[in-house]
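Each of the next two complexes has chain A plus one other chain: chain B in the first, chain C in the second.
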Partner chain A sequence: MKQAVISCLHANLPAVQAVLNHIDRQGIDTITCLGDLVGYGPHPNEVVDLIKEREIPTCQGCWDEDVVDGLDACDCSYPSQLAERRGHLAHKWTTEKLTNENKDFLASLPTSIRRDKLLFVHGSPNSQHEYLLPDMDAFAALERVEMSGAETLFCGHTHLPYVRELGQGSIRITLKNTPNKQTEEKEINLPMRRIINAGSVGEPRHGGSKATYVIFDDKTNNIDIKEVSYDIDRTCKAIIEAGLPSIFAWRLNHGFEFAELAEDASHVCER
Partner chain B sequence: MIERWALISGLKGDLETYERIQKDLKKIRGDITLFVLGDMVGAERDCNSLIDRLINPHPGDLKPHCIYGWWEDQLLAERGFRGEQKADALRLNKGEGIVKALVNAVDPYYLNWLASLEFGFVELDCGLIHGSSKDIGDKITIDTPPLILLDRLTRLGVNRLFTARSSQQFHLELTDAVVNSYVKDLGGDRKQEQKVPKRGVIGIGAGAYYTLYDVGSDKTHFLNVLDQPKSNTRGFG
Partner chain C sequence: MRQVWLISGPPGCGKTNWILSEIKKHGGSCGYIRLSGFSEKSLEQANSSEIDFVFLKDQIPQLIDLSKPSDHLFSDQDDSVIFIELSQFYIPNQSGLAGIDPRIISQLENLKLLPDQYLHFGRDTELPIKDTLDFTKIESLSLNLQENVWDPPSLNTFWFELVNGAYGDVYRAKALLNIPDGRSMYFNWIVSQPGSQFLQLNDISPPKGRPQRISQLVIQGRNLEFTRIKSTINLCLINDSVLEMHQASLSNQQLAATH
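Entry: the complex of A and B
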């Protein structure tokens, strides 16, 4: 059975509509959303309403959490004070616009969804704020999947869609010393695990301006990264009209992100 | 002169044990640096004399380099040094009575000193932490999966991690670690084999059980001041 995984919708209604239409046209019924329904974009209520209406199982993203609980992430979320200030503006605007009913919905979202050996999270199994970048330390990446008890981990948050397979690993562990001089040596074969990042529907940062998502076929184990065109101008116009920072429109148009970059993938927020 | 580190933790106010360790260390030759990896305080006894001794070493004492541990963290939380957090973990695990006993065991006069202590030290290519780089309450044991050990080392960017939280004494070495990574994204495919150099994790013990580490040879000696040898020499000359 094929299933679609979407993430990081960021209140961009035209992008969400285009992606859902794209999924529908392929006859795929199972859709999972990895959160960040709101933030940056001009349509927070419309996007939340659409996800509710479609009854799409959704994890809570970092923006969904912060809009409900207040901004309590440490400064790792932003690479500069300027980016942080813009982020706070968007947070304030979104908090004011969201209805109480939709805030309650965001508050009710689970931080993870598990289906057998598949685990769906926003950032990582550790935190909605942790970035699992495609080229992060392979052992650390493997640890995130293995310690969560999953074989395949679906995540978002980076806005970069990718599939990463980690395998053919081993490690020799030697007990060199104990109080009773015990020694032992063993070689452990590391399991093969997979991380699938769904990219971003509403604020792509992969170098192009198209919305991205992934389709997973659990029969063939195949993953397809999909790119979908949408009416970017409509979203950009709405961003400007809403009084949100115009750079949010600029970066949607240019299709890359020069602001928020998480250089330290192993960092976990001190919250 | 041989450079050695003495690593102790979990004294929980036990000045007598600290004095015995100091006495023990005087018998050992070499240039010894003393690290106290937290849990100087606890709920079992009055901790003020030990804290005072750590702050004001007696003549002839090795000067202790202290970091805070899980019990200090709980005390500081309960005393309002951690924002809105309280000693929730202690309260949940041991009950209200122990929280009160901990608060009563340390004079408020010493709280600022405890609050000034670091989370850990990085010395040479070694991390010295009470729990781990992930959390002060992280119990690293002899049975901790190697992927977790590597993760805790990677987070600090060190080759050796000295940890105290589990109270165990052990020296684990990780070698020949390799994993293959295959990434597919919209830019194409790439394969990479990642290896890590030899790394180690050392559990230093707690209370009367402490660790002596030879910096030059990467050798550990697990000692205690419970079963003192009759001879004055300990064989580390």
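Entry: the complex of A and C
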């Protein structure tokens, strides 16, 4: 059965509509959303309403958590003072615009969704705020998947779609002070694990301005990363009309993310 | 025998860099002054004289600043070379010294600097032409940023947005900007070149308090959104407590390195 995974919608209604239409045209019924329904974009309520209306199972993203938990639950992932201050402007605007009903909905979202050996999260199994970048240390990446008990981990947050296969993994352990007072060494071979990043519907960061998502076929294990055009001018116009910083429209229109990635990809918020 | 050269050209044509290479070639005593030139109809001059001099002085520490009367140390007999840089949009209608703008001649007389050579970018083949653009309309923004210190990653983002058109069509941008570790960064960009020139000045201020040296940003282009530019800059500048934190951290590192 084919299923679609979408992530990082960022209140960009034209992009979400275009992606859902694209999925519908392929006859795919199972859709999972990895969160960040809101943040930066001009349509927070409209996007939340659409996800509720379509009854799409959704994980809580870092922005979804932040607008519920008060002023950013995690500021430390901002890569610059400029990004942080712009993020705060977007946060304040979004918090003011979101209805209480939609805030309650975002608060009710789970941090992960598990289906057999598939695990769906926003950032990583550890945190909605942790980036699993495609080039992160292989051992750390494998640890994230293995410790979560999943064979395939679906994540978003980085806005970079990718498929990473972690094969021939092993963990070597040295045991000291064993009952027979001898040092014992054990090696555990791990089966193939995969990390699949769905990219971003509402704020692409893959070098282009098209929305991205993935289709997973659980019979063949095939992954297809999709790019979808949408009416980007409509979103940009709405950003400006909404009174959000107009630089967001310029950045989106040029295929640049609203705020850049943190330098430390393995950053985990300790708050 | 002392030589006085007048070098003019439109913004971004490479006047300062050409003068720098000539000073290096000459090797002897050199003086420099920049005349701001005149705005013409729909062509607005920017005041970047301090950026150019600070940059040249950093590269050539013995360079004499002729904008200060006390630094007029040349005699007519030595083999020094004096460079007068002039921003000028139009090509002189006569060749050689006869092409000097009459409005400039009186300034030169006041400075007691009468040119022996006059070269204009776009007129004289001795000068490179690849970055010499013919502007029909140009707006200018000059910002004094003395005592201001930038958050480095924010500066990186701002400069990227600026030269890629987020705040209007920028043709020319240059700056001397302070970062928290005491360095001053020279930024230089022209629309005809694919990338920006970034250079760390050799002169590093001790990271203590707010830097007192020259810091400026000059932007020239069309449809420039001055308010948005200033607003973004304000989001990039660090406050006193953040600056103190950076400087305390640097002091601790230096202390640890000396023990």
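The working rule: the second predicted complex is superposed on the first by the 253 of 271 C-alpha atoms of A that agree within 3 Å, B and C clash if a C-alpha of one lies under 4 Å from a C-alpha of the other, contacts with A are read in each partner's own complex, and residues count from 1 in each chain.
We take it that a residue touches a chain if its C-beta (ideal position, glycine included) is under 8 Å from a C-beta of that chain, and two chains touch if they have at least 3 such contacts.
Everything numeric here is computed off the predicted structure, so don't read it as measured data.
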Chain touching more of chain A, residue-wise (chain B, chain C): B
Touching partner for A:A83 - first (chain B), second (chain C), both, neither: second
Touching partner for A:W250 - first (chain B), second (chain C), both, neither: second
Partner chain(s) touched by A:A242 [first = chain B, second = chain C, both, neither]: neither
Contact footprint of chain A on chain C as seen in their complex: 151, 153-154, 156-158, 161, 164-166, 228, 232, 235-236, 238, 242
Chain B contact footprint on chain A (complex, rising order): 134-135, 137-143, 146-147, 160-179, 187-188, 190, 206-208, 212, 223, 225, 227, 266, 268
Chain A - residues contacting chain C, complex: 79-83, 85-86, 246-247, 250-251, 254, 260, 263
Contact set on chain B toward chain A in their complex: 134, 142, 145-148, 150-151, 154-155, 169-187, 192, 194, 196, 200, 205, 209, 219-220, 222, 224
